[in-house]
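Multiple structures follow.
In the two assemblies presented below, subunit A is common to both, partnered first by subunit B and then by subunit C.
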Partner chain A sequence: MEILKYTLRKLAGGIPLLLGVTLVSFVLMVYFGPDKTWELLSKNPTAEEIAQVRSQLGYDQPFWVRYGNYLRELATLEFGYSDSTGERVTTILQRTVPVTLALLAPGFVLGIVLGIALGLLAAWHRGGWIDRAVTGLAVVGMSVSFLVVIIAFQLLFGVVLGWFPVRGWNVHDLPSYLHYVTVPTLASVFVALGYNTRFFRAVLVEEMARDHVRTARAFGASPVEILRKNVLMNAMIPIVTRTMFSIPLVVISGSLLIESYFGIPGVGKVTYDAITSGDQPVLKAVIGLTAVMFVGILIVNDILYKFFDPRISLGRTALQ
Partner chain B sequence: MSLPVHDINPGADARLQPVRRPGGISPWSRAFDRLIGDRPAMAGLAIVTVFFVIALGVWFGWWGGKWAETGDGQWLPPSPEHWLGTTILGQDIFARAIFSTRTAFEIGLVVAAASTLLGALFGALSGYFAHTAIDGLVLWLKGVLDSIPFYLFVAAIAFALDGNPWAMHIAMIATFWTTTARLVRGEVIKLKSLEFVEAARAIGLHPLVILFRHIVPNTLHILLVQATIVFVAAIKSEVILSFLGLGVQDGVSWGLMIAESTSEVIAGHYMNFIAASGFLFALVMGFNLFADGLQDALDPKRSGR
Partner chain C sequence: MSNNDALLEVENLCVEFGDRRGAVRAVDRISFEVEPGRTLGIVGESGCGKSTTSLAIMGLLPRPAGRITAGAIRLSGTELAGLPENRMRRIRGAEMSMIFQEPMTALNPVYTIGAQMSAVVRRHAGLSRRAARRRALEMLERVGIPLAQRRLAEYPHELSGGMRQRVMIAMALSCRPRLLIADEPTTALDVTTQAQVLEQIKALQRDFDTAVVLITHDLGVVAETCDEVVVMYCGRMVERAPVEALFSAPRHRYTEGLIQAIPKIRTRRLTRLPVVPGSVPDLSELPPGCCFAARCAHADTHCLRRQPALERMGPSRVACFHPADAEPVR
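Entry: the complex of A and B
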C-alpha cells in the first residue's frame, strides 16, 4: 500500500518534467521548426490559398493551442506521415524498434557485466599492477571516439579478416542473428567498457573500504562471499542507476551511429535519415518518445531505489 | 589472494615531507604539489600543451594555412612534401589535421568556458536558495535538459536555428552545464552552513555578495575539473555531430575528416582516417590523464596526505 502511494507520488512528480520536455521539443521542432506552407501550395498562390493552407496546418492557432495539439499527438501516438517516404510514423517505429533492441541488447548487457567484473577486479587489487593496468586501459578506451571504433572494427572484421558481414541485417534465425550482431556488439562493448569500468571501480572501491567489509574479512569470510554479500549488494543503487540511465543514451546515440554505419534498418537509421533530410514528423516522434521514456526511467529508478534500499524514506523526492 | 591495504601509500615514506610554513600549507599548494608529482597527469599536460601550441600557431598563421589548397595528386602516399599524403582533392592531410587542432580548441574552450560559467551560476543560485522556487526552477530546467537525448537535441536546435553554425555550440553549452550545476549545488549547500558564511551574514552583507564573493570561489576546484571534462566531451561530440552533418559548417575538423574518410577506408585509402583519429585520440587521452590527476589532486577527501 505504502509502495503504491510512493509510486503514485513519483508518477505525479514526473508530470512537470514531462511538460517541460514536451514544451522544449515543441518549441524547437514545431514552433520554430520549418514552415511547410510553401511545400503544399501551387505556384503563384493567392493570399486566400496561403491563409487556407496555414489554417489547415494549424499555423494560425495561438501558441498554447498548438502545444496542446502536439501533446495530443504524443499521447495518442498520432505523428502523421514521414516527409520523405510518406509512411505512417507509427508503422515505421513498429518495424524498426524491435530491430534496434535485438541489435543493442547483447552489447548493452555485456558492457555492464564486463564493466562490473573489471571494476571488481581492479577494486579488489586496489593500488596493485592489475588495478593500474585496468584503469590505464579504461582511460585509453575512454579516449577513442565511437566513430573511430566502428570504422576500425568494420575494417578489421569485415575487410581484412572477412569473418563477419559489416553491412545490412539479413536476420532470420539464430545463426544469422549472431553473424550480424557480432561486430556491432564488439564495437559498443569496446566503447562502453572504459567508462563503465572506471565508474564501477570507483563505486566498488568506496564500498570495499567500509567497516563491515573489514569485519567480514576479519571473521574469515571468503572473498567471493564478501564480494557478493557485502560489496555488490551494497553497491546496487549506483549500479542500477547507471544501468537505467544508460538505456536512453545507448538506444539513441548508440543505434544512431551503429545503424547508419552498418546499414541496419533500425530506429537509429531512421533517425539518422530524418536528421540529414530534415524529416520533421519522424524527429518529432523520436524526440518526444525518448524524452517520455527518460522520464519514465527516472520514475522506475526511484521505485527501484526503494526496492534495493528499504531505508530510503518514502517522503524523499529523489527526482531532484 | 592477498588482502589489499587501503590506507598506506607505498611512496609516502620515501617522499620528502614538505616544509611547514607558519600558517600551514594552503590546500591549493598541496594540490599543486600532488599534481606535479603525478606522472600520468604531467604527461597528459605535456600532450595538451603541445596541441595548444599547434593551435596557437594556426591562429597566428605560422602553419596549417594551406589546408584548403587543392593539388594535382589525389590520394598520394606520405612523402617529404606531404607528410601524411593527400586527400581526393589533393589537399595536404597533415595541414588539415593541424588546422583542425585549432577548430578543436575553439570548440572545446568556448563550450567549456560557457557551460562552466552557466553551471556555476545556476548551481550556486539553486544551492544557496535550496528548496525555494529558484531551486525548483533550476532543478526542473536541469531535469528537462537531461531528459532529451543529446544528439537529437542538437538536431532540434540546428532545425530551429536553420543551419546556424553556432547550433552545435549552443546545444553543447545548453546541455553540459547541468552536471556542473549539480556538483556546485551540493557544495554550496555544504558551504553555506559554515562559520565564515555565518560571519558574512552577521556583518550584513547582501546575500548575492556572500554567494558570489565568498561561497562560489570555494567551489573553484569543482569548476576546474568540470571544465576539463567538458572540454573532452565537447571535442569528442564534435566528431559525431560532424558525421551527422550537425557539426562544423565551414573550415575543417577531425570530425569532418573522419566523416570524409568513411568511404575511403573501404577503398584502401587510410591516411585521412589515421591522421584525424590519431590526433583526436592523442588530445583526448592527454586531457583525460590531466583531468584525472587534477581531480585526484583537488579531492578534499584526500587532504590528509
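Entry: the complex of A and C
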C-alpha cells in the first residue's frame, strides 16, 4: 500500500520533470533547429512566397503553440514523415527500435551480471592474487577504446576465424539471431566489463567492511548467507543506480557506434543518418523519446530504491 | 593456573597483525579465566588490544592480516584457536555471542528486527519459522522492549540507539550462550540508557548463568558490573585483580593513574584533572623494558631494560617493578 502511494507520488513528480526536459529539447532541436524554409523555395523568392512557406511549415505560429504541437506529437507518437525517405516516422521507429533492443540487451545484461560476479570475486579475495588479476584485467579493458575493440573483434571473429558475420542483420529465428548478435555483444561486454567490475568491486568491498557483516559473522552466518543478505542486499542501491543509468548511455552511444560499424538497421543508425541529413521529423521523435526515457528511468530508479531500502521514505530522508 | 570450574580459559594468547616483514604484536601473552555467571572486565585505552582479544576469542580476527601466533583459548575445554571455520560457525551465536560498540550500525539495515533475530535461532536451534518468531518475541520482551510484537516488524532505523543495543542483547542471548562478550556495549549510548542496558545484561546473566567478558574503557562501568578485572596496556596484561582490590588498592602505576583520572565530585574543585602524562608508544616500536616506563613517575633504568613479569600481590597480580603501596622489590 505504501509502495503504491510512493509510486504514484513519484509518477506525479515526474510530470514537471518531463515538461522541463521536453521544453529544453524542443527549444534546442526544433525552435532553434534547422530552418527548412530556404530549401523549399526557388531562387530569389518574394516576401509573400517566404511567408507562405513559413506558414506551411508552421514557423509563423507562436512559441507555445509550437511547443504544444510537439507535446501532442510525443503523446500520440505521430511525428509526421521523414524528410529524406518520406516514410512515416512511427513506422521507421517500429521497425528499428526492436532491432536495437535485441542487439543491445544481451551485452547490457551480461555486462552487468558478469561485472557483479567478478566484482564479488575480487572483493571477497581482496588483496589476494585473484583480486589483483581481476582488477588488473579490468584496467586493461577500460583502457582500450570501443572503436578499437569493435574493429579488432570484427577482424578476429569475422576475418581471421570467420565464425560470425560482422555486417548486416539478417535475423529471422533464434539461430540467426545468435549468429548476428554474438560479435556486437562480445564487443560491448568487453568494453563495459572493466568499468562495471571496478565499480561493483569498490561498492562490494565497502559493504563487506560494514559493522553488520561482522555482526552476522559473530552470530554464525555462513559466507553465502552473508554475501546474499548483508553484502548484496545492501549494495542494491548503487547496483540499481548504476544499471538504470547506464541504459541511456548504452542505448545512445552503444547503438550509434555498433550499428554504424556493423551496418545494422537499428534506431542508432537511423538517428545518425537523420543528424547528418538534418531530417527533423526523425530527430524530433528520437530526441523527444530519449528525454521521455530518461525521465522514465529516473522514476523507475526511485521506485526500485524504495523496494530495496526500507529507510527511504517520501520527502524527508530518514537519517541514521 | 588451570581452573576446572572455568568456562573460558585464555592462556598466553598472542595475536599479531601484518606479514613477516612488519608483524605487530597486538596482544602479548594474555591469560585469564571466566567462570559461569561471573563477569570479567578488560580495560585499557584505545589500541591496547582489548578488542583484538575479544575478536580472537570469537575467531573474528580480520584475515589475512591478523592471526593467533601462540596460546590457547578454551571454551568448556574445547580448544578454539585453530578450530576450522565451519565448526567455529556453529559455536558463534550459539555457545558464545558477542555484542558490539556501535548499535547504530551493527544490525543489517535492510531486514526487520524479527527477520534478523529469527535467522539466528533458526540457524542454531533449528526452530521452525513460527517457533523462531516466538523466541524472538520472548527475548525482546525479556530485555524490556515495549510493544515487542510491533518492533519485530520494524527496521533497525526505526529504533533508538538504546533500543537497538537491547535488540542486540536479546539476539545475543536468544540461543542461551554460555559466554557473552560485550565490546564497549554502552559507549555509544547516553548515560541513563547505559545504566538500563548494563542492568539488562546483568539480569539475563543471572537468569542464564552466562559468563560475561566486558570490554570497556569506562572504569565506572567496571566498578558496577565486573567481578574481576584485567588491565591491558600495549597488548600486555599489566594488572589483574578482583574488582574491589583494583579500586581500593590499585597496584600498577598505570591502573593507579587511570583511577586518579576518573572525574568525581570533590570537596575542592581542581583546576585540572590529573592525567596520565605522555602517550601510548607505537606497537611496532615497543621499548625493550616495561612498556609504561616512559610515562611512569616511578620508573628507573631497570624498568627501561627489563620487562616485569606478572607477580602475585595480595589478591592481585601485577607486572611492575615498583607497584603502589609496596616495599621496593629489589
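Just so we're on the same page, the second predicted complex is superposed on the first by the 307 of 320 C-alpha atoms of A that agree within 3 Å, B and C clash if a C-alpha of one lies under 4 Å from a C-alpha of the other, contacts with A are read in each partner's own complex, and residues count from 1 in each chain.
The rule we apply is simple: contacts are C-beta pairs under 8 Å (C-beta built on N, C-alpha and C of every residue); 3 or more make two chains touch, one makes a residue touch a chain.
As the structure is a computational prediction, the values presented were derived from the model and not from experiment.
Asker: Would you sort A:Thr215 into first (subunit B), second (subunit C), both or neither based on which partner it touches?
Answerer: second
Asker: Once the shared chain is lined up, is A:Met233 touching subunit B (first), subunit C (second), both, or neither of them?
Answerer: second
Asker: Looking at A:Glu2 after the superposition, I want to know if it touches subunit B, subunit C, both of them or none. Which is it: first, second, both, neither?
Answerer: neither
Asker: Could you figure out whether subunit B or subunit C reaches more residues of subunit A?
Answerer: Touching more residues of subunit A than the other partner does is B.
Asker: Would you sort A:Glu48 into first (subunit B), second (subunit C), both or neither based on which partner it touches?
Answerer: A:Glu48 contacts neither subunit B nor subunit C.
Asker: Go through the superposed model and pick first if A:Asp173 touches only subunit B, second if only subunit C, both, or neither.
Answerer: Neither partner.
Asker: Report for A:Ile287: first if it touches subunit B alone, second if subunit C alone, otherwise both or neither.
Answerer: Touch partner of A:Ile287: subunit B, not subunit C.
Asker: For subunit A, give the residues common to its interface with subunit B and its interface with subunit C.
Answerer: 127, 217, 320
Asker: Sort out for me which residues of subunit A touch subunit C in the complex.
Answerer: Interface residues on the subunit A side: 127, 210-212, 214-222, 225, 229-230, 233-234, 236, 308-311, 318, 320.
Asker: Along subunit A, where are the residues that touch subunit B in the complex?
Answerer: 16-17, 20-21, 23-25, 27-29, 32-34, 124-128, 139-140, 142-148, 151-152, 155, 159, 208-209, 217, 223, 248-249, 252-253, 256-257, 261, 271-272, 275-276, 278, 280, 283, 286-287, 290-291, 294-295, 298, 319-320
Asker: Residues of subunit C touching subunit A in their complex?
Answerer: Against subunit A, subunit C makes touches at 58, 60, 64, 89-94, 97-98, 100, 102, 104-111, 119-120, 123-124, 155, 157, 168, 171-172.
Asker: Where on subunit B does subunit A make contact in their complex?
Answerer: 1, 3-6, 10, 139-141, 143-153, 155-157, 159-160, 162, 236, 239-240, 243-246, 255, 258-259, 261-262, 265-266, 273, 277, 280-281, 284-285, 288-289, 292
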